[in-house]
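Labels run A, B and C following the written order; every chain starts at residue 1.
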Amino acid sequence: MFSAVPDAAPSVFHERNQGTTVQNLGLSHLSVAVGHFYMDELENGEEPIRTQFERVKPWLDAAKASAISGGERPRVSTCFLVDDYFQHWPDAPQIMEKLLRLSREAGVTIDYVARESACARRLDGFQTAELVATRLLEEPFPEGANGGRPPISMSGWMSNGKPPRESRVLETMESHVWEPAHEFGERNHSIYLDVELWDSQGRPGGEDDGELGNRRYSCPFLAAVWQLIRLGLLRQDGQPALKVTDFDGEWRTEWDQCPDIVKVNPSAQPFYAYRSLSILPRTFLPIEHSVQNIINHFLPDPAVVESLDRQAGAKNVPLPPVIADRLSHFFLAGGN
Amino acid sequence: MARPVGPSDPGGQRPQVVLGAVTTGLLNTSEPLPLEAARQALALLPGVSPDWHRHPIEQVVSPDIFFGLDCRLAVPPGAGSQPRVIGTARARAVLTAGHILQGSARVEVLLDANRRRLPWAHYAARTGVVEAINRADPADLVTGFLQGAVNSTVLDLGKTGAYVMSLLDRVPQIDRQPRLKTETGRLLWAVHVQDGAEPDSLVELRDDGMLRVRIGTPAELLPQFVEFCEILALHHWLLSALRNAFERSNRRGRRPEGELDPALSYLGHMWNPEAHLPHEMRGLWQRLENEAQLTWEWKSTVTRVRDKVSLLTRKAIEEALHKEVV
Amino acid sequence: MLIFSSSDKGGTGRSVTSCNLAYRLSLLGQDVAYLDFDFGSPTAGAIFEIPTLERGTRNGGLHSYIRGRATEPVRADIRTTTERQVLKERPPGSGKLTLFPGDVGGAEFSLTNEHIKKAAELFQTVEREFDVCIVDLSAGRSSALDMSLQAISPKNRPKKAEAVRWLLFHRWTTQHVIAASGLLLEENGILSCALAAGFARREFLRLVRTIRTAVPDASAFGKKTTAEQDAWLSRSDDILKTLAKSRGLGLDMLAGTTPLEPMLLWREQVIMDVDVKRRLADKATTQAFEELANKLIDDEAWEGFER
């Protein structure tokens, strides 16, 4: 039947306006986040900063040596995320000078510096976080989603299962029994996790439907955005959602005047990478657990996935389909 | 349409069955949306722009959006238990000529996958795919799905399509004042993926007004087949909508022009099934035309409507003249 | 057009009259949707004699839809699903007759903005296909009533949208008149809800009309009436009229009256012309339904009895 095409001549007219063409990115094999500090830690003494970078150094070297590159010479880039979303200290030049100097002295080269605020909202006003928020899909209840139920409207929380007790108002005369929490993908036992994604500092009476300006994103949510950015998975019209700007030699006094991502090492390997490693103080363990939960519910644009798969395939770089499998962590011991 | 709709099989597994539904209706506006407004309206996700054509009929296709699924698949009576599937459905909105809106949803079914529900990340990485955790016969799934969802435990992609359409009711470009009463058209389709096998298809209309399309085809032709179903759904809806308007114009105590004028201005120019029909589907369409004669029926219905409008116009003129004489 | 049916007390004949109006409207050539918003006890399925929907549906009815548990509500073509043979026939020139059933085991819920949005979307969707949508609300104050008022308020419904009519059903007795007036005009009543939803008083009251149901005449006393009975009846009727007027439910608000129909005392059902032919039902009943149906879709007749 299909062979019986009445008009087998090749077509003359062609009109195809693909809304979005996904750009192939220059990619490293591994993006390493070299430590993290809260803004007040950056403000205070130099010693704790120096100590953390010194502890990062051997693990960074190990990462460089073990990067999965499919036989190519490994390309590894490093990055540092500045916490300017929850705390706002107005002395960027001084802090950046100190940070770059101390890391250099510890033998850790920072290639790229990014602002955490940019993971929520870009310098040009574009809502970066929305790219993740609109692509999160809540897990269906077991045998509870047949395509005839509208997606649960995002409450600002993301869980991996069912809470221990129905928290909603019970319907009149509906029976009420206590049930334990339950992780949908559990293996014998549950680790139930419910992560706050944002709160609405809303104006009184304001609703949380689309009034994104009112949202204050949580630390795990922005950290998830940051991971997806590094992995090249967040795009706006096929381009990376956050772009890299070369350092122009001068830091602006106000953080919100600084570019979203600055390339501070001119000879650095590409910022975006197939995989990521985050070397962080141990206190970030719950945050990264939450990041994983968020990323597990993130549905990437299939065209972006395809573009990355193609690039990896061409160079024989193994790339796991599950995004969380592209993430790795090293947690530095606490104390001094 | 432009966006690739090919089967995704990251694990190297191929779906044996693909199930889909297309719902069709009038966009809730008094006039068609201009192309620019349509492109804004169908940008259902930030960061991705809809695909579009200008010729020969304007068409805009939204990016794919996904729905979580954990439910049963229907099987025919006597075929054993209904397999449970987990994963995501893929859906998109298609707007043709700025006025006819479709919600198109589908899932690829992987059989013989895992025997229990896995962590969600597994399914999130295989968008548009559901995995059956019980054994099932592909032929049973095709037949079962085409029965239509009888209750809310089995997969109901028609409702997913309707939901996608309803997203377009909320955009600011919509004035919510269509001048024509129309019913939503429904089409279910099911593919038994058979590589190398002789393709085989059947289009069926039952008394519930729902079209059913069943096909056995190699995986490479899936995207074209989805487009075929969307085109068939659209034209079947056009025909139903025009017939509905004609029927309503004959009702008691009604001004026939009130039905016929908007029907002609909304629908009259829309018939062009081959406009975006993929090359590979022309043969199938031709066979359907030979038997169902949809284009003939359309033309004769339009003629009937136009004749009635001219008669009414003549009558109105004669009455006006008569009044002047008197 | 959207028509809401409300009543203060149960047993007013609100649902059965609404079903009969739906049927009559379809005979008049209108495509009619009947939305069963009596979430606590959906009854329309029984009145239309649809065995599978006697107490609502289990597969995502209106209650599920409003609660966000179904993307679109289940519907049933009344003529193809009813058990009643004569109702199956669709006379030439008549319109569609479709039931959107409630859910088995639905119940009251606390109203949120999300529910109101859903209701507004539901009305929009149904109006795209049907000429007339009859929304049958449960007796008394309910979330469904509040939700409906919010959904049709000027805040949520475009100015140029199709007409809305609000019917208040009550029986023609002292208690019922007082109760109906209370529901409409007293605190936490329909009017105050409407004002809270954003209506202006005058603007909302323009939509409201009353229907006096099961109004008896002297024959209710039996075949022969005494002069005393006639006099008493006439006096009682006058007292009721005065009461209704003083309670804001006077003639200026009246859309129509339905007579006491013995058939409906035994069984809530659609009264058809064949029932009159078979002398089971009173002709006055079908006449009353038809008159009301005509009035509902005739803007001039409707506005005609505006004060």
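Everything below uses one rule, namely that a contact is a pair of C-beta atoms (placed from the backbone, for glycine too) under 8 Å apart; a residue touches a chain by one contact, two chains touch by 3 or more.
Note that the structure is predicted; figures quoted are calculated from it, not measured.
Across the assembly, the mean Cα position most removed from that of subunit C is the one of A. Among the chains in view, B has its Cα centre nearest the centre of the complete protein Cα set.
Rounded to a whole number, the gap between the C-alpha centres of subunit A and subunit B is 36 angstrom.
Subunit A and subunit C have Cα centroids lying 55 Å from one another.
In subunit B, the residues touching two or more other chains are 152, 159-160, 163. Residues of subunit C in contact with at least two other chains: 60, 70-72. Multi-chain contact residues of subunit A (touching two or more other chains): 147-148, 150.
For subunit C in complex with subunit A, the touching residues are 60, 68-72, 107-110, 113-114.
Touching subunit B in their complex are the following residues of subunit A: 1-7, 11, 13, 15-20, 127, 130-131, 134-135, 137-148, 150-151, 160, 184-185, 234-237, 241, 295-303, 306, 309, 321-324. The touching residues of subunit B, counted against subunit A in their complex, run 2-4, 8, 10-11, 39, 45-55, 61, 63-64, 66-72, 84, 86, 88-89, 105, 117-122, 124-128, 149, 152-157, 159-160, 163, 198-201, 217, 221, 279-280, 282-284, 286-287. Contacts from subunit A toward subunit C in the complex involve residues 147-150, 152-153, 169, 171-174, 207. Within the complex formed with subunit C, the residues of subunit B that make contact are 25-26, 28, 150-152, 159-160, 162-163, 166, 169, 175-178, 181-184, 248, 250-254.
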